[in-house]
Amino acid sequence: MPDAAAEPTPSWLRPRPPIRSGAEYVESLRGRNLRVFLLGERVAEPVDHPVIRPSINAVARTYDLADERPELATAVVAATGERVNRFLHVTESVADVVQQNKMQRRLGQLTGTCFQRCVGMDAINALWTTTWLIDQAKQTGYHARLRAFVRAMQRQNLVVGGAMTDVKGDRGKSPAEQADPDMFVRVVRREPGGLVIRGAKAHQTGCVNSHWLVVMPTMRLGPKDRDYAVVCAVPVDHPGLTFVVGRQSCDTRALEGGSVDVGNANYGGQEALIVFDDVFVPDELVFMDGEHEFAADLVERFTAYHRRSYVCKAGVGDVLIGAAALIADYNGVPQVSHVRDKLVEMAHLNETIYGAGIAASHESSPTPAGNFQNDGMLANVCKHNVTRFPYEMARLAQDLAGGLLATLPSEHDFKHEEIGPLLKKYLVGRDGASAEMRARALRLIENLTMGRNAVGYLTESMHGAGSPQAQRIQIARQMQLEEKKELARVLAGIAGGSED
Amino acid sequence: MPDAAAEPTPSWLRPRPPIRSGAEYVESLRGRNLRVFLLGERVAEPVDHPVIRPSINAVARTYDLADERPELATAVVAATGERVNRFLHVTESVADVVQQNKMQRRLGQLTGTCFQRCVGMDAINALWTTTWLIDQAKQTGYHARLRAFVRAMQRQNLVVGGAMTDVKGDRGKSPAEQADPDMFVRVVRREPGGLVIRGAKAHQTGCVNSHWLVVMPTMRLGPKDRDYAVVCAVPVDHPGLTFVVGRQSCDTRALEGGSVDVGNANYGGQEALIVFDDVFVPDELVFMDGEHEFAADLVERFTAYHRRSYVCKAGVGDVLIGAAALIADYNGVPQVSHVRDKLVEMAHLNETIYGAGIAASHESSPTPAGNFQNDGMLANVCKHNVTRFPYEMARLAQDLAGGLLATLPSEHDFKHEEIGPLLKKYLVGRDGASAEMRARALRLIENLTMGRNAVGYLTESMHGAGSPQAQRIQIARQMQLEEKKELARVLAGIAGGSED
Amino acid sequence: MPDAAAEPTPSWLRPRPPIRSGAEYVESLRGRNLRVFLLGERVAEPVDHPVIRPSINAVARTYDLADERPELATAVVAATGERVNRFLHVTESVADVVQQNKMQRRLGQLTGTCFQRCVGMDAINALWTTTWLIDQAKQTGYHARLRAFVRAMQRQNLVVGGAMTDVKGDRGKSPAEQADPDMFVRVVRREPGGLVIRGAKAHQTGCVNSHWLVVMPTMRLGPKDRDYAVVCAVPVDHPGLTFVVGRQSCDTRALEGGSVDVGNANYGGQEALIVFDDVFVPDELVFMDGEHEFAADLVERFTAYHRRSYVCKAGVGDVLIGAAALIADYNGVPQVSHVRDKLVEMAHLNETIYGAGIAASHESSPTPAGNFQNDGMLANVCKHNVTRFPYEMARLAQDLAGGLLATLPSEHDFKHEEIGPLLKKYLVGRDGASAEMRARALRLIENLTMGRNAVGYLTESMHGAGSPQAQRIQIARQMQLEEKKELARVLAGIAGGSED
Amino acid sequence: MPDAAAEPTPSWLRPRPPIRSGAEYVESLRGRNLRVFLLGERVAEPVDHPVIRPSINAVARTYDLADERPELATAVVAATGERVNRFLHVTESVADVVQQNKMQRRLGQLTGTCFQRCVGMDAINALWTTTWLIDQAKQTGYHARLRAFVRAMQRQNLVVGGAMTDVKGDRGKSPAEQADPDMFVRVVRREPGGLVIRGAKAHQTGCVNSHWLVVMPTMRLGPKDRDYAVVCAVPVDHPGLTFVVGRQSCDTRALEGGSVDVGNANYGGQEALIVFDDVFVPDELVFMDGEHEFAADLVERFTAYHRRSYVCKAGVGDVLIGAAALIADYNGVPQVSHVRDKLVEMAHLNETIYGAGIAASHESSPTPAGNFQNDGMLANVCKHNVTRFPYEMARLAQDLAGGLLATLPSEHDFKHEEIGPLLKKYLVGRDGASAEMRARALRLIENLTMGRNAVGYLTESMHGAGSPQAQRIQIARQMQLEEKKELARVLAGIAGGSED
């Protein structure tokens, strides 16, 4: 890949005016000639692909929200006085951390899907501290490089994705133990002025829609894993990258040309596999190289931020509750006690998610590097509930939806000359609730519980930011069991127990 | 629809040899010229439609099982000594009822989907008693008609579907109160030699794949609902019928030409809307006409049978457990304690479903009409667990699957010249677990938890045979609260409480 | 303990007429001079001790039920034609196994507690097969000895307790690895004509109320554990036995002299620690001695029976549901939808327990020894639900009870001259529901959820017949994971998968 | 009760120095000659009663914590600069509200029980706003009276209890509809300079241990309930008051003279019935009289505070987790995976409770009266989880405890000459874990899950601050269903839905 080495950071060098709106953001993605594959074909222009476009719209919505509600979706950098998009802002206060969560919930409400920018936000904030700590320990200069990178991103107002999850091969083995050493992204060689990485990152949220990617290790590493301890920034349009967009449940409905059966016509998520084919990264974009003992610190900081970022799902949950209430209304039973009770249960679960997440943010504290880090225990608790409650909420929504949720004819049938009138007659709800209104409400519930956005609302809720067991390990580490045992010993009168 | 009246029961009159295999069954469906619509188009031949065919295969599997394991999937009619398909058999013993459940679980295991014949089986058995009771009370002759119909079905070895669920309009109103009187199927007029019905039945399982339909009321009816109290048999190829097949999550993957992304290439379910456009039914096929006070008896008997028929989902659950174990194995972590523990939890929930169902069958007792009826309480309990546990099992399976479940590239990408090799390299699992093996296991889990068969495994588990609240109402009716209060009074020493 | 050796089996040799009623049973316990300790004192006569007596009454109830409903609580031995108490009957048919469960549920309803005879019943039935298998494998003569013992028990109509759970010391170590070898009951020496055992058995249900104990090992044993592989019968009044009755929540309320605050004045459970101080057992009462490789078979058979015996808790659950309905009624809100719904949920959970248990019995099959053994998987599933659902039912009952459940003044306050009238005025419920009626209903709920019978309804439900993890291990063993993986492989189209 | 009228507010008039420690607090309770009844007898001096004393110790602990950690358990009143106990502080900032929660959790950890002062704290804060609002609407002078009262409490550093829950009679009827008008506390007559109240308040937390009570209505009131709309302060030693202390599970163990079987020898809760026998209250202590339309405002504000105050249960939960970890350790299995996993689950549930509570506090906002009110939705969500998770945590703790939890002999047996040595031998755990250590750990778990503090940890968690249904009603009110429906309409493309 000599071309790549010859012009390693094209986007970086190209001066560009800041993106000022969702529309400008969409335009910024055009003409990048990315190697993107979807459904067995190379995608000529992702912006115009009906399956991909909804995921771009979701990111665009974050830009527009910054315009509409700057207090929510932007922040002012104290050092410069510049107002930047909150997704690019390094937290300077507890309020900054809290406001991230409120922005995330609102965007979940507005899009009903994953808007894909949290990984980058959380990565920048985690690296802010970890690079500072490495520098302190090792007299390296990573933190200054990161600052420069972040400032550039802020000024150009770009989308930064975070590339963390490796493909992993045999889960029972460490990176260095794998039969194929490329199962985790690694430095294959170091060259003057930079290093070359190879490997693949799986389920990369919004990567095709990003401008830059920050590559990070996915787990605690040992001395043998030194070459896997690499953090760096790579422009998305680097020719050494290949993107294979994961297919989603019901993805091809977007190719059918309607607006009903897709459920949520405007918005969707995106996750892709990224292959790094010996990509050269110049030193100024490298933020960790070999300091394996800091991989765990980075992962722990990032996941602490990111597990609380899942309050976005409470925003999506708001949409699901609304859709369930809508269909109950259209069915003529909004006040029936068991219907009402199920909506209350959904709201209760939804706010339980939000409560732990926003609490984790409120309980933030300053790091040695000066930014603010949220509470780790509560963040893990938030995410762990996210691996449970959306599934129960989906179950309740399907209960309220009625069986038609899974037997509704297609919208093409509704438009059919012969059977369209029959469907409109027979699938009507209460007075004023047309068959189409019911169909649209049902398709939205289908979208969120079995369809395209179920990927984000359920499966990604399960595995994003770490699978359930990852949270349990963190909870175990942070649950202060010895202190709790001491509390018990004191009250039980067991010798050795002494009141503090 | 004068043509319909002119030739009311074409299939009935046409003498036909019995169907002897799955293959013969498939052939029996050809050339019927049904009015079937799917995805906005009339289907010329359902047998050859890639989306419909898997549902036909699932029914065909029931015929083949009858050959392979006659003790399981057939029964001998005592009165005649004839061996008939168990789905057409009127239970003659407790063992007959139990064996239905064992057959159902096995078919769930073999197909991983809904095989669509239980409604008919349960309808025949419920009607066997209800017609007898009506005759006793009203000196009608329904039972003899039903016997003749059942014998004909058995001899020809046909598939009988049951058409119960009306479209219902405003759920807050009774049939007679609806703005449009056609929201529940009804007798629009009575003619010499028969009656004419109109209306629509929603989510009719396997109806296109059936030879005959038994139309039944969907709920308890009052005196004003007399015209809605109609039970009759109608041949599926009656020209007055229109079928609109409901679309399912990921249904169009069957049109893509592969065998991986569909998850379960051979088998699927089917539910359709049936519109009855003033269909004439001759008297000999009418099993209830106006006896509204027996509608509740029929519904209660039918749902008692049918709610326990949902042990089929334990069979499908076996497949899901197997698939989850498979991917854990391929990922290299089959013995990790939390993985093992989740598989145990899935098995526990799955067997809890089975336990209540098979118990309901074992606790059957003879009806006045001579057939055997299962225990109603346990059947409702079985079904109520079915509205919960498959969702939790799906959640656990998604947990075990890992994030790739929802981000896996399409099989077309795997076959692509450029990226196919990359995917095969990077998505490999433990030694011996190729990327394709992982992909197939994941697609099967997707199929069952978000895809086409999630419709059957989850949503239909929720609403089939009555939504959760319907079971709660039955449990409330049967929970003998006064007896339980008396037990408590006696032990608490409350005056009036006396030991039995 | 030379006296013990001199007269090893006093009860055995003493000829006695059969016990014919609960009253005769109570008399049979008098004057045995057992070494029973409770609350720090030796109990002169357990029959007359207010704390112990309710547990004796519960056993007595099983005798009376045999009179009242012989079809339920007795059985006829085919070989002799003799009618015997079902608790002493060796199952001769599937119906026998099923009927055990129905008797157990009924006794749970009648006593609201543990009636203590199931361990013996299940031990006899498990040993029936295991002794037969040992004899087959080793040419021993255990089975004939057991037959003789069982016949004697049947003829005298005695209570046989089973002593299985050892005290265990360090749970991380096997019997032979313990610092003190007595942590599991063992043979300390073999003498002419018999052997001598030492050790202690914990939580022995109803042991003081029994006439005989069958000592059994508690777990799978290895070659080093040979001396722990001992099964034998010991008379309860053997002078080498010491019983320390475990204290229970609220146990001393029985000493207060009232009938309200105890909650359930007549019935309670009993569990005690038994110390075996070098007890000589003659050969004819030894049913295993050293055949360590059969310990697992015995434990598995016994737990298969016994885990399904926990359907008794569905009987106790009936009482709890009744009590909750009673207090809702007295509070004036029996028809409020959320109240009704919670009662339905309790009934649903309760019947789910029953369903799996009765299913396990219905699915029994003959053993090589000729008796009938229930299905192991469903039995484990039943018990595993018992470790969960009674807790949730208790929670729901406490919800329905209202806060007064835990703040109600004592019955002595109700009788107090000054404040009694105030309490009767202020704690009244709906018209017709006196303060005392409310108090009695609440005390029964307290008894079952926090008080004396919570020990049986909750904690023993958790740990009796094996703690939850023990069931999970059995479920793991029996869940046929390879077969399930094969089902999945076939449907997923994975090479090597072939349809059966 | 003319005496009462003659000397209506003895404590109020008597000048007293502030209480400065737990010990001084205990002394302050002596010699008050309260009419307290317990177990059928009038208690001469509650301070010296073994059953009552632990509840006094728990309150005393709040005084000592104020000394030890003033930043946590005291606050400075901005207007005066005086440092006051946080339980008497009117919140002046968000941080004040948050700090209440942290103090509550810490006290839960230190006492393992209910420390009884939150009701007063939350009542003062709720009334602060409601009295201000009434004054604004009605030109009354309640707020100034309340300020004076609060200032006096702060200066004297007294314990203020809140008396809210009426005895209610028939729950299906409003106060004015009851057969006996005294079922809710009411103004029976108005006299010059004051009013006279009659009725009873049930389950009054820590009332005997308080110096003053604030009487408040328990629910939304209508115009007919005008006389029930009364708020006033009453000194606990007013002769018109009678207290009947509710009995608790295992309460009399405190009379047995040991320190093991009580489980938590030092600390316990207290709830009593208070009867108001025509108590005269002077005008300056009346804070609402007849303004029925503000009853709902007061109840809603109070419950918003108080439902989040239940984070104290997370502190008690810490003790339970510690006790469960302790017994697992003593049993020799602390690292077994299922044991570890259950501890993690307990911690997860416990922190979920805390998360929603502390989030509710962090999301506080200023009221028109100048103090700070927490978020109502999150507070209700916190409390609703408290009605569920402690029960599941108790279940898990009982699982980890093992069966000995409910069969352990009494501590008197351990001290017995003959059997004590046997128990010490046979009930030993892993090396270093004596039988007594195990016994003490188990008795603490028993105490929290079935015994005296289960009353506070479970039943009061269920019903305190409103039963579960009360939270569901509040969640329903606050869940903004119309806004959520609009979100869904916009995304589903339903006409009328427009993006905000």
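Each chain gets a letter, A, B, C and D, in the order it is written, and its residues are counted from 1.
FYI, contacts are C-beta pairs under 8 Å (C-beta built on N, C-alpha and C of every residue); 3 or more make two chains touch, one makes a residue touch a chain.
Treat the numbers as computed from the prediction; the structure is a model and nothing was measured.
S.K.: Identify which chain pair among B-C, A-C or C-D reproduces the interface of A-D, meaning that over half of its contact pairs, matched by residue number, are the same.
M.R.: The same interface as A-D is formed by B-C.
S.K.: Residue numbers at the subunit A-subunit B interface: does the shared fraction exceed half, giving same, or fall under half, giving different?
M.R.: same
S.K.: Which chain has its C-alpha centre farthest away from the C-alpha centre of subunit D?
M.R.: With centres defined by C-alpha atoms, farthest from subunit D sits B.
S.K.: Between B-D and B-C, name the chain pair that shares the greater number of C-beta pairs in contact.
M.R.: Spelling it out, more C-beta pairs touch across B-C than across the other pair.
S.K.: Measuring centre to centre with CA averages, how many angstrom lie between subunit B and subunit C?
M.R.: Their C-alpha centroids are separated by 41 Å.
S.K.: So the centre of each chain is just the mean of its C-alpha atoms; given that, what is the distance between subunit B and subunit D in Å?
M.R.: Each chain's C-alpha centroid was found; their separation is 52 Å.
S.K.: Could you say which residues in subunit B touch two or more other chains, in rising order?
M.R.: Expected reply: 338, 341, 472.
S.K.: For subunit C, which residues count as touching subunit D in their complex?
M.R.: 37-41, 165, 167, 169-173, 179-180, 182-183, 200, 202-203, 242, 244-250, 252-253, 256, 261, 271-273, 275, 331-333, 336, 338, 387-388, 391-392, 394-395, 398-399, 402-413, 415-416, 418-419, 422-423, 425-431, 446, 450-451, 454-455, 458-460, 462-464, 467-469, 472
S.K.: Which part of subunit D faces subunit B closely enough to touch in the complex?
M.R.: Against subunit B, the touching part of subunit D is residues 337-338, 341.
S.K.: Under the definition above, what is the set of subunit D residues touching subunit A in their complex?
M.R.: Those in contact with subunit A are residues 98, 109-112, 259-260, 263-267, 318-323, 325-326, 329, 340-341, 343-344, 347-348, 351-352, 354-360, 362-363, 377-378, 381-382, 384-385, 437, 440-441, 443-444, 472, 475-476, 479, 481, 483-489, 491-495, 499.
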